[in-house]
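Here the chain labels run A, B, C and D in written order, and each chain numbers its own residues starting at 1.
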Amino acid sequence: GKGGTSGSGVKVGFLAPTLQTEFMIGIDEKLHEECDNRGWDYVSASFDNDSAAAVSAIENMVTGNCNYIVAMVSDTSCDDALKAAQEKGVKIIECGVETAVHDLVLKTDQYSIGTQIGDMAADWLNSQLGGEGNIVVYTTYQNQDMQDRGQGIQDAIKEKAPNVNILEVVDIGKDVVGSGTTTTETMLQKYSNLNGIVCYGDAAAVESVEAVKAAGKDNENFGVFACDGTNQALKGINDGTCMRGTMYFEPIGSVMAEYIQQMVDGKTVDEAVETPIHAVTKANIADYYKADK
Amino acid sequence: MKTVRSFYDKYHMEIGNIVLILVLAIVLFPRLSADYVLHQFVIIVLLTMGLSLEMLSGVLDFAFMAEIAMTTCLGGLCLRAGFPVWVSLTVMILAQMLFGMAKGLLIGKIRVNPILLTFILQQIYQGIAAVFGDAIQAPIPRDYYGSYMFWMIFSGIAVVIYVFLQLLLTHTYYGKYVRMLGENETSVKNSGIRFDICRMIICGISGIVFAQVALIFLFITNGGSAGIGRRYLYPVIAAACLGGINFLKGKGNLRGTVLGSLSMVLLLNLSAGLSLYSYFSYIWEIAILVIAVVIFARESKN
Amino acid sequence: MEKTSNKFITFYKKFGIYVFLAAVVIIFSIIAPNFLSVANLINILRQVSIFGIVVIGVTMVMIGGGMDLSVGGIMAVVGMVMGYCMVNVGLPIPVAVIIGIALGVAFGAINGVVAIKLHIAPIIVTLAMMLVLQGVAYLITGGYPITGMPKAFLTVGQGYVGPVPIPVILFVIFIVFGWIVMNKTYLGRNIYALGGNKEAARLAGINVNKLTVLVYSFAGFAASIAAIIMVARTNASQPGAGSSYAFDCMTAACLGGVSIAGGEGKISGTVVGVIILGILDNGLVLMGVNSNFQSVIKGLILLLAVAIDCYQGGQKRKKA
Amino acid sequence: MNSVKNILSVKNIVKTYPGVIAINDVSFDVEEGEIHALIGENGAGKSTLIKVLSGAIVPDSGTIELEGKQYNQMTPKLAKDLGIEVIYQEFTLVPGISAAENVFLGDKTKPGAFCDIKDREARAKKIFDDLQVDIDVSRPVKTMSPAHQQLVEIAKAVSRNVKILIMDEPTAPLTVSEVETLFRIVRELKAKGVTIIFISHRLEELFELADRVTVMRDGCYVGTENIKDIDRQKLITMMAGRELKESYPSRTSQIGEEALRVEHLTGNGDHDISFTLHRGEILGFAGLVGAGRTELMRVIYGADPIESGKIFVNGKETNIRTCQQAIQHGIGYIPEDRKAHGAFLRMSIKWNVVVNNLRGISKGPFVDEKLENRIAEDYEEKFQIKTPSLEQRVENLSGGNQQKVVIAKTLAANSEIIIFDEPTRGIDVGAKQEIYKLMNQLAGEGKAIIMVSSDMPELLGMSDRIITIYEGRKTGELAKSEFDQNYILDLASGGEEHGKNK
């Protein structure tokens, strides 16, 4: 078990803010698979939103012979460490936010994702409920990205469906299992006239769907919208539950592997690539979800 | 034979750690970069020394990383508000010391298991730090992380702290007080010692040590954040255990702390070196903790 | 003079927690909208029932002089394994449930055996166990949740008997069982003795090792039942389930008057502790309090409760 | 040689601890129905031996023969099933639960899984009534005084169907009247055919109670004698292995000016207590169990709050609220419960001895380690603390030796006013002499000494004056010339309202 690179001489390190959400796990696994296919070594680490741990993880990856580091950092906290790694000949691929240090960046604009979720929800509210209705928005203040996304959701709904009541914007806190259920139960309790929940992520949303079902409100006049394109959410949309829309990210793992390949091959890559992302609703679910799985 | 045996009994921690360090250093040798090891070592050894001081007084602290996060946030805010650097740093050190003293006072006054108390404090502090905001970017003028001087200064501070604590613990009566507190509080009281004040001072000193880490974090991550240092909690406890610090018996010494910290740094490096896949690296960290605990946190059978 | 202050202390020790409960209820009914509706109260009960079941198990461990931080980890692994058995392997529900329960009990027993055989403080054993199990829970599916449980299974978490949700009924069964064991049986007496003075219990001929393993196994059992309800209620097995339980269970029990040092505490107090925590969660959300503030407020209230508890018990002054 | 059969034979028991041979090849027999005393100096191995008998610890080698059956090893459960009950030197009570529950600890009073608490309390009450002890059986034992706890221990042992009752210094925390109760119980049990093994450092008790006596020294068996055939002095010589004069050493100290004056002190259960204490004086405090002597001393030492009244040290009024202040005023206190209040059990002897006077042996913040060693060695020698090294943890010492460490710890602080609360509890004859000599020496140096003791001969022998306390009130104050055991007992039981006007 000696650390080192295999024949290809390429070792990719993936630095994730957390590996406890389905979305992140998806990226991790995909990238791992792609690296395996190409005969590259792979290592991943999550830093649990702890920027100091991120710095150490970068150092450890460099010590562990990584020559490409995919860093999903949300701010400039790791810039110095990334720069030092770069000086040691490591290529840095940033994913998410663009900061000063990188060889390539794969950008995701959280606010714009938020607006896309909002648009999706507004469309449904306009067509199903005639632009009227009462909804709540779930956001989380655990990090800036998600706050931006939550803001995007609100702004888009206010713009596109101005008559819809946003009853409350709830901060549902950390990604604790069960918080989606609990919050939704409480909201259903508080607002008997609720028509929908627009949520920053699928994890809490699918829990909410279960709570809505349990409360017997799972009818055509209730809609849950979220983001991440997790399997469970897609299944919900496909099965015709009140889960009505999510955002599907094109497998970021594959996209990244593709770009690393180009860098390995010595090509120069345009900086700042936008992550491709699609809204998924009942209308186009067939393209994203295969029921037999 | 008997002397060998008693030598082993006395120094088995040190021997174990040195062997471990040598083996890991050889395994990792090809890429082991001195500056990286130094960075991580300085951070972990400072944390472990601070924690060890508390552990020797019978307190296993779960709140210190959350305190550090609050301090970095505070530092970030100060810098952003345009305070001069030295003012911000003083504020941070004072704040961290106060957090420590508050903790010590609470532990002294509220005589419940300190583990529970520090768990509660951790919860409160994390909440407060998060209220500050996710991340506070501060205008740090230079790349301190890449600066050789920067790390040398903090290495120097670590050495000074080591010498200070070593003197304190082994040669002064305050050191005896520290170990006494881990024992029998009624007896401490009957001995005429204000144990709440003592606790406060001990935790305050630990706070000053932790503050150094808060400073390092602030500089190398260009700001403060609510989650900063969270991942260090268990590795640091493990490092203290590896170093033979036993909070149940108030046993252990700083020499062990240093060796334990170095072992820990190398062990953590190993997981990236072995291309361990994410969960395995998590389990790897845990395994170290568990093994350290199993070997060293055992109560004597008698 | 001394007599009267003594009486006050005994009164407070017996009823302080109820006073606290009443205060919380009154405050929230005034400031939180819809708090005092029957539906919301049932809602609160349902929300706390999973947690409450685990706390009953943890309470017994703590009265027996131990500590169990691993219950959350046990819940996660049991939930994942059960989901895996039902969905991926396609085992019938009863088989999956039995496997889950057996696993939970086994983990509990391991806690007990390790604490006894290796002479490691239980708080450390179970902390390590929690961390290990959390890792294991992620390994089972590589971190993905398992969804699509059989319909019949979901009843456990989502069904009702009359107006009462099934989880609440299970919670009540646990309360009654726990109360009877701790107050009415020799077993319960022995658990108090174990927690109060282990050596005395041993010398009195009580098989302390067996008893310790038994108590931890029961906590594991409680955690696995909670896992079943949790999975059925959310229709998903999630590897991150129960991650906050280590802390929350301990605080609920302490709030309810269980001594950290062991040997003291009551099931009734614990239940009130659980309900207080549930009310805080619910009421703060109803009031729309920012989640970070919520945890600060909860922490401060717990600190206060612990401080008051320690003040009344000023003379006992036990080390853990 | 005798028609009486042996119920218990101990054969070649060896038990070692790191660096110590606690029992070295001990064999002896106990006859059915006798009261067999086991004596020896502190650390002779008595407690260890009975722990082997009860299965609390496992011996390295040797066998136990009980009613003709051989056992290599006991377990607590087996011992109980065989009818062996033990009252250990250190309490084995569960502090948080009631006296009744402690009495029936681990017992099923009724078949089935359910236990009837009312019934248990009634039964416990009955046992205490039989013992003629008035105790609230539903109260947690941790709120009771050591003496009451001891009575609970006794009730616990006799509540069962006991064949062999082993008591390790049962009388140590008891005062005269409880001792009488205990003896009455013991005799009754003997009449019922129960065999009793009895350990005590109060030799007069042996002569009153025992049939035979076995002496141990340094872990070895010395001999067994019929009590009728031996006298006190010979017994002491057997124990100590040398001639040892036993008497209360005479003292020539000059009683000087006032050191401590307490006026109308109320608090912690005591009411309106006044007395003065002079330099060079030993002031005895007599009282029954629970009289409140310890409580009084704790108030003076600042360990418990004062409600009203004044304390003067050297004629100056003080405001002592904490132990620290008491120490600053030159007051030292040797607590009665060495485990809970005195020693740091997991720390070394050396560590314990100097801990109260760390500032005194330090230069600036630095501890003078040579001085530290010297002080510790001094006290080790002075008190003959039996230990392989000064680094030994106090936890591992015999009960008496722990007591010596606690005394040394307080003395090392060089206080001017020293309160001894039950200083010789559990201490052997030789060491008692040492402590008496020491107290005299301290008094001779002009220090003022308070001695709380339940050992009447000691109190009479050592004190210059005696104050009696009954239910938290002072009932009498006697000068040396007035000393009379019966009179003091009378006052201590509230018999006569004396000394009200001082």
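Convention: a residue touches a chain if its C-beta (ideal position, glycine included) is under 8 Å from a C-beta of that chain, and two chains touch if they have at least 3 such contacts.
Treat the numbers as computed from the prediction; the structure is a model and nothing was measured.
The chain with its CA mean position farthest from that of chain A is D.
Distance between chain centres (mean CA atoms), chain A to chain C: 33 Å.
In whole angstrom, the spacing between the mean C-alpha positions of chain A and chain D is 70. Centre-to-centre separation of chain B and chain D, using mean CA positions: 44 Å.
Touching of two or more other chains is recorded for residues 19, 141-142 of chain A. In chain B, 130, 184, 186, 279, 282 are the positions where the chain touches two or more neighbouring chains simultaneously.
Shown for chain D are the residues that touch two or more other chains, of which there are none. Chain-to-chain contact here is organised irregularly, matching neither a line nor a ring nor a star, and falling short of all pairs touching. Across the whole structure, chains are in contact as follows: A-B, A-C, B-C, B-D, C-D. Across the complex, chain D meets chain C through its residues 54, 56, 76-77, 79-81, 86, 88, 91-97, 101, 105-108, 113-115, 142, 268-269, 307.
Only residues 58, 106, 109-113, 115-117, 119-121, 123-124, 126-128, 130-131, 184-186, 234, 248, 279, 282-283, 286-287, 289-290, 293-294, 297-301 of chain B touch chain C when the two sit together in their complex.
Across the complex, chain A meets chain C through its residues 19-20, 22, 25, 29, 140-142, 168, 170-178, 180-183, 185-186, 189-190, 206-207, 210, 213-214, 231-232, 235.
Looking at the complex, you find that chain C touches chain D at residues 1-2, 184-190, 192-193, 195-197, 199-207, 259, 263-264, 316. Within the complex, the chain B residues that touch chain D are 167-168, 171-177, 179-180, 183-184, 186-187, 189-194, 249-250, 302.
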